[in-house]
């Protein structure tokens, strides 16, 4: 897939290994995401999806292998450094600032030097997806419900004006109607030009909006291909789509 | 017989009225679901039942006694166990040790050695026996959720409150978790009230489902009825979609031939 | 009259307590570092101000222009060399940092003795002994200058936290370091700067306190007791809290002397503090 | 433990050991005492030693903690086998060490600190001279008594630090006020450090006290003096605890501290033999314009011990004690004969600060300056 | 690890206390005894502090208050009634425990630093109270005579009493560690709200641990006052003792009694060594740097580190790893 274009992929993960102590969690993982693509990353619980995203964003560093973003080697950059390059990670466990209000959270995450128009259009986009947040701008994040916090987490990522989003279970704990809306919204954000690597247990919905997908099993990439093809794969249907 | 009965529960945070008169019952031996939009007050309700918060108004009756103003420790000993939506294992303890406090203080295991043995049995039940000696902070989120189930069971509860224990599970794991919960009800004789956004799970595992929205219970019925309830679709499931919980995926693409059981609109 | 005197004196005293505390509160609230050697550095600052005047005839307040940046640099270095490695390794940073900085305090105290001797010092410049009337209460200019410095410190730290990016960023780091990194915050940089700033306030506090009291290297622990009280009473990490709690402590100290024998003033103060904390368990202000 | 023990010096030397607060809160004063000890040792050794043997000093740091002083002294006695003891400082440490010395039957010459230490029936403790709070203001009141009654102050106010030193000086305060029938109109106590002295001073001014007692130490003393000046309080005399004896009083306060009255039992201007030489040494070797009393204290205690040893003719603490109890010694502080308690007759010197330096003003036979009175007229 | 019978931790406790108690039989050397006296006292304080501070995670900064209360109870009982140390110390323990009970309810509603502060302030308050207590004249200093006629025997007696205090303290700590009670305290340390939803009466457990830990300090204080012989409020209520006790426990490791014991012993030995070898400021500077170095390289304490590095050689549970591990 990636090879079809001569251009360099926006994100290239090459032969990454990673262990927690003795437990090997990622084994020689390679994948790539082209500019403007929406790629889904599927896998059962404990397969290593979260770990991979953390390796990419710089929350952790691969034991070996390389990660390139926009042509640059970012393997050992810290998370704030990849953020500066436009690679924004929305983590599975949210990692919010409980004592801050939503407004303060947004202010922190908005890149400095962005002009006012851009900032307000970012905000509009967020409130369009999560209308519930607008009325809660001054509520402390720590007092919000689980689902509300999930919304704040995703919004914080969007306020960072990303070139590429790493989304780890963005619909976790959200009510069904909202979860569906958000997947729609991710699709729209992608169409508007943001590259996306999406981890989701809602495999079918994810494949619906994805261009391509990878399947991670026990730390290894076992399948990859265009979303439509994977959706037909027996293996995927059985394991991840529940069929 | 109703094991748990909530009558006209009201709760506000500052100026924000979250619960405006919630009444519901949980029949002994049943698995009762509780769904509702984000921020509806479901977790708050759990906090009220387990005693971590006090209701502004209303009554909570558990197993025939009024527990509205009882302290958490007593409610736990009375037989209410719970898990936390944002998981809270005892982080520095091993998985096995996590179960000891509940076992000795509410589960009736006065001898520590017996408690340790029982802890292993419970870990086995939730499929964590392999991780018995790991520090619980190192577990993945789904493992922590299962640990919390075991820890709640350690108090030998009559009623188990589960807050989104299906969130983030793959289809395979959802199926396994459903078995686990069925087993807990059937074999351990525990009544279960669970909050869930994973409709696939809710609809399969629950005998009845209550829907909390706008501060009250807007519907309460068997799952099949709930998914067709106009109001519920409107505030929670999402309108204009295919059936949820029974088959078709809401965002079904041209590949209509690929249905996704359970809608997968989970969290 | 006595009441007015107590209020004026208590306010001045309270401002000094506040300025002693605010940097400590800042590093604790934001970096989770309980910097017990803060007091030792305050005394170091006092010695530098004193030396500037005694040996070079430079006004100690003016000397702050050099001392403050120096302390900032020392603070950054200390953070990079000691507290950051500790934070990377320890599970409970707050208490580990307390042990570490207690050791540091002992070392600094004794280095001060080696350098400046254990003799007590009294800072006196041309103007410190001039007496001015404040609401009819005689107050030396030295104290007014000290109180002014105290206010300045409070304002600096307040502005830092409230209006600078680094200040807000370090609050984010305090609440979730990984989340902060994912929001583009260079945790290393903002932490080091914040610690540097905290230590820089110790320099100002040093000169401010020297305007009030004589000092010796061994006194820092007593000051830390008050710093601790003011910090927690005000709410760890809260600048406004440190200010209010400092003033409150100073005022209670002076006002209770009007009602009870002086010997019982400390006791009254401590009883009131305990009561206050029990009523308001998280301090007067949370950050 | 062997690795942490120094060896006790070579077999020939007489080892004299003790502790001083070389670090911690009392370190400033202790250095002067240490200098006095060392000066004496080098003098003795230059002179051919004690009983013909060289003298070796072992001075350990008790970190300004009494319990540490007790433990270290035990170590010096039992492990190092020191032959003789050095007196410790301050009084609270000395109190604990006097017990240890007595239990080990070893002579202990120091300032002793407070009267109660000498009333425990210790047999081996000597104050030579002691720095006795209970005698602190006697010299000044003796002088005052000699003045026309019309000039006596009519009322007094006292602020006293809440520790043994303050209490000892306080005893002297009330005893002497009673003697002259002067009422104590204000009587307050405080704990160290004194964060705010101004309100105390204001209340003393409000009750119109003519005599103001600041029964404390240096830091609180400084705050008090400053407050007296700042508030314009005009007492006839300001009496100070041991603050004005601290070298820093002279170095740091300048004329602000002038005319403050204190007691002492030691002074560089005393007319006794050897003191001039020590004053010169203090100037030349220790670079002090004025010799610190503590330097002289240290020297004088060792002179006492020396004479005890020479009197006994052997290093036998029992014999030294007996000799000291039945003879008198000559030191740079004067001649002392000791009673059963180990105390000489009360020493009733009064000092008053001039140009920053505490000068002897009473009694007449030692006074180098007249008492300046009333205080307020000087400003 | 919680075991039902004597395990290696118990055996170690018996060995330690036994050896310390045997010292006077080997040497009557007063220095050794007075050095060990303070070591044993700090060890008791640290092990006792740890019952609340380590197991339950409520780090008190005012532990010296109870040492002082125990000490002054002894002083008062002696001055008023002429009672002897082995009588006064247990009464001192009871008084300290009672005070802890009274202040414990409000204080233990606070958490973390707020609790630390409140205990610090309570200690200062008690000191101020004792100092000014009419009739006691504490600030003048009070002499307590040697309890036996022969001073050397007195010292041995006091030393053995202090070793007894340590024995009682370790026994208490062990009983807590291996019982249901310990499990409750560990749960409180880990997450108090969760603990309460598991049937744990958190208030009662915390207050109980506070009272126990205070009473143990009171017991030590009773003996310490006799040892000092001359008692004034300053050393009896020295803030630095409170801080030192916390440091000792943290440096040793707070998971069980061994950490605080080792921390106390190690710090006392290092302190003594440096003072004797170097003395003065140099020793202090080095002492400070040792603290810095140790915590920097062993941030979880010496004992957990030792255990990790000696796991292959030591009996598995030496130091009895606790639920919750060493923190």
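To keep things simple, chains are lettered A, B, C, D and E as they appear, and every chain counts its residues starting from 1.
Just so it is clear, a residue touches a chain if its C-beta (ideal position, glycine included) is under 8 Å from a C-beta of that chain, and two chains touch if they have at least 3 such contacts.
Source: prediction; values computed, not measured.
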Relative to chain A, chain with the most remote C-alpha centre: D
Relative to chain B, chain with the most remote C-alpha centre: D
Of A-C and C-E, whichever chain pair has more C-beta contact pairs: C-E
Intercentroid distance (Cα basis), chain B paired with chain A, Å: 28
Between chain C and chain B, distance of the C-alpha-averaged centres to the nearest whole Å: 49
Distance between the centres, which are taken as Cα means, of chain D and chain A, whole angstrom: 76
Whole-Å separation of chain centres (CA-atom averages), chain C against chain D: 36
Sites on chain B at which at least two other chains make contact: 92
Where chain E touches two or more other chains at once, by residue number: 128, 131-132, 281, 284, 327
Pairwise chain contacts, counting only pairs that touch as defined: A-B, A-C, B-E, C-D, C-E, D-E
Complex contacts: residues of chain C adjacent to chain D: 2, 5-6, 9, 13, 110, 113, 117-122, 124, 129, 131, 138-140, 213-216, 218-219, 222, 253-254, 257-258, 261-263, 265-266
Chain D residues touching chain E - in the complex, by the definition given at the top: 1, 4-6, 22-23, 59-61, 63, 65-67, 70-72, 74-79, 92, 95-96, 99-100, 102-104, 114, 116-117, 120, 162-164, 166-168, 189, 191
Complex interface listing, chain B residues touching chain E: 50-52, 71-77, 81-82, 84, 88, 90-94, 97, 100-102, 104-107, 110-113, 115-116, 135, 151, 154-155
Touching residues (chain side chain D, partner chain C) in the complex: 23-25, 27-28, 31, 64, 159, 162, 188-191, 193, 195-196, 198-200, 202-203, 206, 218-219, 222-223, 226, 229-232, 246-248, 251-254, 256
Interface residues, chain A side, partner chain C - complex: 57-59, 78-81, 83-84, 88-91, 94-100, 104, 107-109, 111-112, 156-157, 160
